[in-house]
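Read through the structure below, which is laid out as structure tokens, and then see the notes.
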Amino acid sequence: MAEYLYRHDFKVRDYECDMQGIVNNAVYQHYLEHARHECLLHLGINFADLTRQNIHPVVTRVELDYKRPLTSGDAFWVGVNIEQTSRIRFAFLQDVVRTADNKLMLSGRTTGTAINEQGRPEMPQCIIDLLSKAT
Amino acid sequence: MAEYLYRHDFKVRDYECDMQGIVNNAVYQHYLEHARHECLLHLGINFADLTRQNIHPVVTRVELDYKRPLTSGDAFWVGVNIEQTSRIRFAFLQDVVRTADNKLMLSGRTTGTAINEQGRPEMPQCIIDLLSKAT
Amino acid sequence: MAEYLYRHDFKVRDYECDMQGIVNNAVYQHYLEHARHECLLHLGINFADLTRQNIHPVVTRVELDYKRPLTSGDAFWVGVNIEQTSRIRFAFLQDVVRTADNKLMLSGRTTGTAINEQGRPEMPQCIIDLLSKAT
Amino acid sequence: MAEYLYRHDFKVRDYECDMQGIVNNAVYQHYLEHARHECLLHLGINFADLTRQNIHPVVTRVELDYKRPLTSGDAFWVGVNIEQTSRIRFAFLQDVVRTADNKLMLSGRTTGTAINEQGRPEMPQCIIDLLSKAT
């Protein structure tokens, strides 16, 4: 099992399941987003504060590999890692793991940057600091 | 503070907040639903199993009083009580309470029944048992 | 069939249905909210603009009567009326009607006010104007 | 502008926007899913029926490139194409385009297969027929 910068525990809520009786595909992005924000918070970065400071982190690309479906009642956790991918971009690497058997349910890669007050992409200082700590 | 049959802890997730920066009104019904299902589970009733057994609990009426808005980062809990309201109906009385200061954010009343295999409303046995325990 | 100030057409999207194969209860509040905002827009009031002008319409109470469930593929419309309920409160009366047979699926009553810059409830001028037109 | 097998019109609903005032990243997957299901329906394939027939289309991989954010009030459409990517896999290629200026907001690629009654991946006959028509 890989090591993670941060892990966040979840449990499937029934309203997240669709007609197929499994968690709807889009919901995983909500799980990943929440785990990212909790990871940042854990590292001292408040996403809501960033927004209020006019620093807008933006997602530029999402890749999700669906391995197995989560279903009603499943406990799971999301592991989060972060890496720099270019001068102005960084990526969160995230795994969704079912708690009962440690099976990988989904792995995701979310690439982003931040838009500064001039509307230009800019690596936010808090992420630079984070990356230097993460290595 | 009222006594509850069951309490469930939550934390606001950023995707649940809307343009106003507060939890979207509809999301509270998700919180209440999840707290009800967890309450039932805690009392030995699995909502997903009920559906698979062709017993369909249905909500017939929802009343929500919005007192104060939850916002990004808020921890809160939902307290759940249950009462019989007619021969074939029962109601969940639920309060949403902000953890930091115990302020009441929303109170809700969700009335329901269950539809049996013949498509008729019927008080499910598991709820009858529950109500006898709850008193 | 009642007359409405405004009607908005919808079609159920599959992701709105839950494990029971029907539209999840909370989703109706999304339908009602969207129909209200479209109604206001139709009458010249932009909800997003209000938020940007620091006028915050807030919902204080929601009552929903669930009559029949919408399911995958259903076309439906939401009829909207509005009435003043006190010096500082107004209510939207809304019906969700299945297009195929004009059956009433849900009726809702959403009471609200607006919070001004001083943080106090105030009947917004645009709603006062609207109510005088609606009568 | 590319040609599409199918186009579906949408309008952003305010509850789909988050604290940043733009459509939440996960919501695009809902748009894409709904456009796929409407595309299939348009071509004579009912997703809900498939589920009831125990044919379970599953998404195995999603790639989303976020170009520009949709915001409150935006009208947009989703263009859908489909291609076979292996003996048992097919992909939907989808573009989200803002109606006002035909700007590309997001492009997505959703790869899937179907799980048959034996729990094995199998190219569903209806998709095979579709692909032969699409070429």
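Labels for the chains are A, B, C and D, by order of writing; each one numbers its residues from 1.
The definition used in the following text is that a contact is a pair of C-beta atoms (placed from the backbone, for glycine too) under 8 Å apart; a residue touches a chain by one contact, two chains touch by 3 or more.
A quick note: this is a predicted structure, and the numbers were derived from the prediction, not measured.
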Pair sharing more residue contacts (C-beta pairs) when A-C is set against A-B: A-B
Relative to chain A, chain with the most remote C-alpha centre: C
Distance between chain centroids, defined by C-alpha means - chain B, chain C (Å): 22
Intercentroid distance (Cα basis), chain B paired with chain A, Å: 28
Euclidean distance of C-alpha centroids - chain A vs chain C, Å: 33
Junction residues of chain B - those touching two or more other chains: 14-15, 17, 19, 21, 24, 26, 30, 33, 48, 72
Chain A-touching residues of chain B, taken from the complex the two chains share: 13-15, 17, 21, 30, 33-34, 37, 41, 46-48, 71-73
Residue ranges of chain D touching chain A (in the complex, touch as defined): 19-20, 25-27, 29-30, 33, 48, 51, 56, 58-66, 69
Residue numbers on chain A that touch chain C, as the complex places them: 14-15, 17-19, 21, 24, 26, 72
